[in-house]
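Order as written gives the chain letters A, B, C, D and E; numbering starts at 1 within each chain.
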C-alpha cells in the first residue's frame, strides 16, 4: 500500500480511536461481543507507542556519533597566559580568516614543555616533534557549498564571536565533537535536537555561569534558516543565494 | 458459473461476472513481467549510472520523457473530464464509465510521476520542488497539482477497492465506500480545479520560454495561450483515450463492458471540443507567426531543418486533427465501431505529437544565428523506462478488472 | 479470544497502522530523508576524489608565487596561486616584459602536468620490449650507476663519439651543461631539435654576418607581411605576439597596423588579418621576390640603406674582372609579376598592390617561419623574405628585424680534454652537420635517423634526451622508430611519460618546471634580450631530481677529466655563479631585461666579409659550400618538391598548427584537448580539412571516414569540408597521434609527422619539407 | 524560536551600493586561442573526461564559438565568439529566462551584482532552465565528475565541486567577488574598485579582448566600451537583456547577434585597404 | 513551503498559490474524515436501515 493510502487508513484509524471513546459513553449499552472492535484499537495503540518512542528516544542517539578532540585544549588557560585571541584567530591581510591556528602557532611557545600537564606532553611528543598538523575536529565547519565571511560578520557586522560559537573562549575543556553519522556534519551545524529545533549547543558541557559581560547561554545553531533569519532581522533584506553559497 | 470449474480466486470476483482461469491470468502477468523488468533495469541504469545512458544532451535537456509525461497526462484528462461530466454536469449514463476513467487516471498520473522520478538528475532531492517551491515557475505548479490530483484520484479509486466482494463484507469498509460515493461530487470538483491548473501549466511549460521564439506565446496575465490550448486539447482527447482503452479492454476480455450510448456521449463531446480546439489552435498559430516574426525569427526558420519540415504543421492540425473531428461529429460515423476507434487513435496520436512538438521541436529549432541544428532520437533506455509505466498500468488495470466492480453494466450485458 | 484469521488480520492491520502513524510523527524518517539528500550533495562528490582520501579541497592560507612557464619556447611569466601548499591556479604574471598578465591555454593547464598521472614518479628501468611501456621503479643510485657504467665502458672501448644528446635548445645553463659533458666525455654529437631558428640563424649569419637569433619589433611595426607564420597561433612567443596583435587592433581605424597573411589555408591568423592571400603551398619565396621586383622597378626601396650598406644589389666584378649578376638584375629579369603569378596562383594585380603597400608603409616588417616555427624550412626562402626587409631598410630599426643577442652570463672555465675526449670530439658528427657536405649547419636534427638507417646502424650506442621528444617531433616517424630500435641505450630526463621516455631504456625524471630553479633564455622572436628564472613554487611531488644535478653526479662518478670539467658541487651553486651579479635581481624579481639594448647602427651592424648586408653571399666560398650556378649565391626561388609522385598522390598535404593543440615536446593536457572544436577531433578520429570542390572530385563528404596515404605512411581520418583551404590541398593538425601518456591523450588522432618525410635543403641539409603529396580515398 | 542577544547595535545593513557586472568582448582582438576556456576550467574545478569531443555533453562554462561568413574560397572569413553566461536581466515583464522557470529556486538573479547564481546543492536536475536558455549556457553533469589520482590537488576550495545530475554554469567567478568583498571589509570599506574583481577569463585573455566591470559605473572601462558603434549583443531582440557586449568591425560578424533565420549568415569579405 | 520558513516572500502569487494548495489539502482531509466518521457511526450503532439501498 503506497504511503498515501496508508495515511488515509491511519487517519481512519485515528477516527476510530477518538470516535470510539466518546461514542462508548452515551450510546445504548452495546450488546456483548461488540467489544471486539477494541482489538484493532489496542493493536494500533501498541504499534503507535512503540514506534513513537522508537523515533524520539531510541534512534536519535544512534544517529549521532561522538569523537574526542586530539588534545583537551583549555581556552581559559591560554587566554589568561596570552592575553588576547588574535594570537591564534586573526584576519589575514586579504580579509580571509585564519580559523584554527596551525601547528607553528603552538610551536612558537610549546617548543619544549612549559608545565607538567599530560595534554601538553602529548602535544609535544605526538605533534610538535614529528611536525604533524593537529587534526582538530572543527565544531563549526560548514558544508562545502557554503561561503562564510568572518570579515563581513566581525568587522562589518561587529558581531561577537560568542554569538555563534558560544562562550568557547572561557571553556576549560573541549567538549566532545558530535557529528551525524550519515552526513558527517557537526551537530552544532545541523542542530542538537534531532527535529532540527535549535537547542543550546553548549549546554552539554553544563558550563557554570561565567562573569563575562556577554550574557550568552548557548551557541546559536548555524543552519541555513538561522543565518537567513538573522540576516532578515539585522539587514532587513532577503539575501541572494550567492551571498552565502559558492 | 458452477463453482467446480470457476477459478479458485472466484470469491474475490464482483457478483455475477465470469473471469478467465487464474493460470491464464498469471500467464498474462508473466508476459507483462518481461517488458516491465526491462523498464526497471533501464530505470535502475538511469539512477545508478547517471543520465549519460540516454541520448539526451545539453541541446536536448528535454526528450522523450518530458514529451511522454505531457502526453500521458493529456490522455489521463479523461478521468477528470468524465468525472466533471458525471458529477457536476450530471450526465447520468456516464456513471457506467467513470469508474474505469478513474482507474485510467490513476495509471496515467502514477506513470507521469514515475517518469519524472527517472528523468530528474537527482531523484533523492525531488522533494525540493515542494520544500523550496518557486511559485512563479510553471513546473512547480505542475508538480503540486499532479501530486494533489493523484491523491484525489486515489481517493476516487479507494471506494472501488473497498467494493470488492470480500472487503465489502466488513461493515466499516462498506460504510466507508458508501459515504465516499456520497462525497464523490465534491472530490470530483476538487479534481477538476486541480486538473484545470496543471493541464494548463503543462502548456505553460513551453509557452513561457521567451528565449525560444518557436515555443513562446503571449498570454493573459501570467498564463500563455498554450495554457488554455493545452487544457482544451487535453479535454478534447481525454475521453477518446478512455474510449480507446475501454475498447482494448473489451477486446482482451472478449465481452461487452459498456453500452454503446455511453461511448457515444463521450465521443460526441470530445468531437465538439476538438473542433473548438482546432479553431483556436489555428488562430494561435497565425498570431504566433506574427510575434515570432517581430522577434526576428521567420516562420521558415522553424521548419527549415529536416526532419521538422512543414509536414509537422500539416499532420498535427490536418490529418490528426480535422479527420478525427469530422468522424466524431458525424453521428453515423460514431456508430461504426472501427471508424470510431480510428478517430480515437488519430486524436490521441495528435495530442502526443503536439506535446512532442512543444517540447522536443521547441529545443531543436536553433535560436542563435550560429547555432547548428542537431537532431535527437531517444534510445532504448528512454523507451523502456517510459513504457515500463504503461506495462505497470496494464497490470493495475488487469487486477482492477479482475477483482473490482468497475463496470456496472457488465452483468447486464453478459447475462450468464 | 481464539486467534482466528479475522482477529489476526485485525491485530496485524491495527498494529502496523499504529506503527506507521507513530513513526510518521517522529522526526526520524524526515531527518533520514534530509540526510540522504545531504549525502547526495556533499558526500557523493567526495568519493569521486581519489587522492584527497574523499575530502573535498580544503581552505588554507593563500599565497602567490612568481615563476616562468617552460611548456614552450615562449618563456611567459606566470603567477601561481597557492592555497596552503597546494598550487591551485596558474595565471599570467602582471608586468612581466614578455606577456604582462596574459597566458595561453597550454600555460593555464600547467597544473595538470604537475599533479597529473603522466608524471614519472621515480627513476624507471624498462623491463618489457621497447615500446611495450612497462617499466619498474629503481633507486637513483642504481640508475646513475647504470648510466656511468654504460658510458664508462663505451669510453674505454674508444667509442666515446657514439654517445649523442638531443635537447630542445642549446641556450641556458642545463643545455650548456650537456654540451660541456659531451665535450669532456669526447663526443661531437650535441643535437638540437628542429625549429625555424636553425634556418634564421644561418640566413642572418650569411646576409648580416651576425650571431644570435632573430628579433622582430612587432609592437611598433605598422605593416606586417607574414609568409605563413601562425602569428596568433603559437608562433614565436605566443602571448607576446597575441598582445602585439591587440595593439595592431587598437586605436581608431585609420592608423591601425595592417596585417597581411600569405598562406594556402585560412588559419586564425589569416582570418584576423586585414588581407589573406592564398598562394600555392611552397611558393612563398617566389612571391617575396615578385614583391622585390615591383619595389625595385618602381624604386620604392630605401636608397640610403641599399646604396651605402648593401653588397651584391647591383652587378659587380671581382678583382680578376669576372662580372657577377646582382640581386637587382636577377629579380628584374626572372620574377616579373606575371611569372610569379603563374607560380603562386596569385593575380599579378594583387602582387602590385601588395608590394606598393608594403614599401610605402612607415615601419613594414616581413615575417618568416611557417606555422609555429617548428619546421626548419628552406634557406633561400628565408633569405628572399629577409631581402624584403633589407629593401625597405627596416633592419635594426624600430618596428623592424634585428639579430638579438642573449643576456650576458659569466662564462665557464675551459674544459681540459684528455686524449679520448680530444680524439672523440674531432670525429665527424652522426648527423653530418659541419662536414664538408654541410659546413655551415651546426645541427641536423632530422638527418641523424636517415644516416643511421642508411647503413651506419651502430653509429649511436647511447642517447641522452632532455627537454625534447625527438621520437614524436622528428619528421618521418617510421624512420625515427627504426633508428631508435638500433640504439641500444636510450636515457630520457623527461618529467612526463612522453613518446621518447615511453621508448627509452632508462628514465631519470627531472623536476617539473614549478619544482626547480633554472634559467630561461630569451623567448623566440623577442626584440630585446631577457633572462627568465624558473623558481620552485611547490616542493617536489615525486622522487625526481634536477637534470643538472643528475648530469653532474654522472660526470663526477665517471672520474678523470670528465669529473674535473664540473668543479661546482651542485646545480644551484653553478646557477648562482653563472648568473654572476644578476643573481640578486633574478632571485627576487625572477627576470633580467637589457632595457637599454638597441640594435647597432647600420655602419657597425654587419660582420660579413664585405662589412655590408650581402645579397650576394660571399661567405659561401670561404666556408667551402659547393654552389652550382651563379644564382645560387643570391636569394632565389628553388622549388622544394614534396615527396611522392603526382600520378599516385594527386593532392598536397600540409601540416596545420592549432593554438589549442600542443605539438612540441609537451603532450596536450586534458583541458586543452577539451577545447578542440568538433571539426578537429571526434572520439579518437582526427579531422583533415579539405575544400568542398576537391572533396566532390573524390566523393568525400563531411564527417565521413577516408584513407589518407602519403609516401611515408597511411592513416584513417575524418573529412571536414572547409571553404577556407585551397582546393587540392589537405590540412592535417599536428599534435595528436601519441602512443604514450594515457587515455586522456594516447590513441587520439594521427601524428602528422608519421605522414611527412624529410626533404633536405641542398645548402644547409636541414629539412625544408613544407608538406607531402597525398591521396585521399573514401573508406 | 531562539533568543539571541546581539551586542552590536541593531543597525540594519545600510543599503549597499549595487553593481551591474558585465563584459565587453572585442571580437577583432579575440584570436580564438581558448585561453579563456582553459582558465575558466582551472579556476572553477570543471571536470574533464577521457573523450570530451562530444561538445553536446562536455561542460564548458566559457565556450568559444567559431563562426564563418559562409562564403566560398577565397572570400571565406571566420571569427570567434567567446560566450560565457550572459547573466540576462530581462526587460519589462520578462524576468531572467532561467531564473523564472526554476521550480526549486536553485538559481536566482542578484540585484546587488546583476549576477545569476546557481546553487548546486539545491538543483535536482530537472533541466527546465536548460530549455529556457537560448544561449546553451547551462550544461548538465551527465556523468559523475572524477579526477585522475593526484589531479584533485589543484582543485580550488573557493568553488564547490559539483556532482552528477545537476546543472552548472558560469558564475562570473563570483567567488572572486566574495574574496574582493572580504578584502574590502577587512579594510573597512564596502565598495569595490574596478581591478579588485575581475573574472578568470578576463585576467587570462592574452589578447586583452575581454573587459569586465560594472556597466553602471562610468569610471569602469566597460561603461564606455559598450557604447561603441560596433557593439552588439546576442539575441537582443528576444528581450533577454544580456550583459555581454561584443564589438566587431566585421559587419557579417555583427549579424551573429541576430536570431536564427534559417540559413548561414551572408556577409561582405572584410577588406579595409591594400 | 510554510509561511514560517525563511524563504517565504510575502508576495501575492505565493499567497494565492500556497493558499489554494492548503485549501485543496484541507478539503480532502475533511472529506476523508467525514466519510470515516459516518462509516464508523454506521458500524457502531448498527442501524438496520442502512442496508436498504445496496
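By definition in this document, contacts are C-beta pairs under 8 Å (C-beta built on N, C-alpha and C of every residue); 3 or more make two chains touch, one makes a residue touch a chain.
All figures in this text were calculated on a predicted structure; none of them were measured in a lab.
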Interchain contact steps from chain D to chain E (minimum; 1 if touching): 2
Between the pairs B-D and A-E, the one where more C-beta pairs touch: B-D
Chain whose Cα mean lies nearest the overall Cα mean: D
Remotest chain, chain A as reference, centres from CA atoms: C
Per Cα centroids, the chain farthest from chain D: E
Chain centre separation in whole Å, for chain E relative to chain C (CA means): 77
Distance from chain D to chain C - Cα centre to Cα centre, in angstrom: 33
Cα-centroid distance, chain B relative to chain C, in whole angstrom: 63
Separation of mean Cα positions, chain B and chain A [Å, integer]: 47
Contacts with 2+ other chains: residues of chain C: 36, 39-42, 45, 56, 59
Shared interface positions of chain D, touching two or more other chains: 54, 105, 120-121, 144, 160-161, 163-164
Multi-chain contact sites of chain B, meaning residues that touch two or more partners: 122, 125, 128, 131-133, 136, 151, 155, 172, 176
Interface residues, chain B side, partner chain E - complex: 130-133, 135-136, 141, 144, 148, 151-152, 155, 171-176, 178-180, 182-183, 186-187, 190, 193-194, 222
List of chain A residues in touch with chain D within their complex: 91, 93-96, 143-145, 147, 149, 151-152, 155-160, 163, 197-198, 214-216, 220-221, 226, 230, 234-237, 240-243, 245-246
Chain B-facing residues of chain D, complex: 54, 56-57, 65, 67, 81, 94-95, 97, 100-106, 122-128, 130-136, 138-144, 163-167, 234-235, 237-240, 255-263, 265
In the complex, chain A residues that touch chain E: 8, 11-12, 15-16, 19-20, 23, 27-28, 30, 34, 37, 224-225, 228-229, 232, 238
Residue ranges of chain B touching chain D (in the complex, touch as defined): 50-52, 56-59, 61-62, 116, 119-123, 125-126, 128-129, 131-134, 136-140, 143, 205-206, 208-213, 295-298, 300-301, 304, 359, 362-363, 365-371, 374
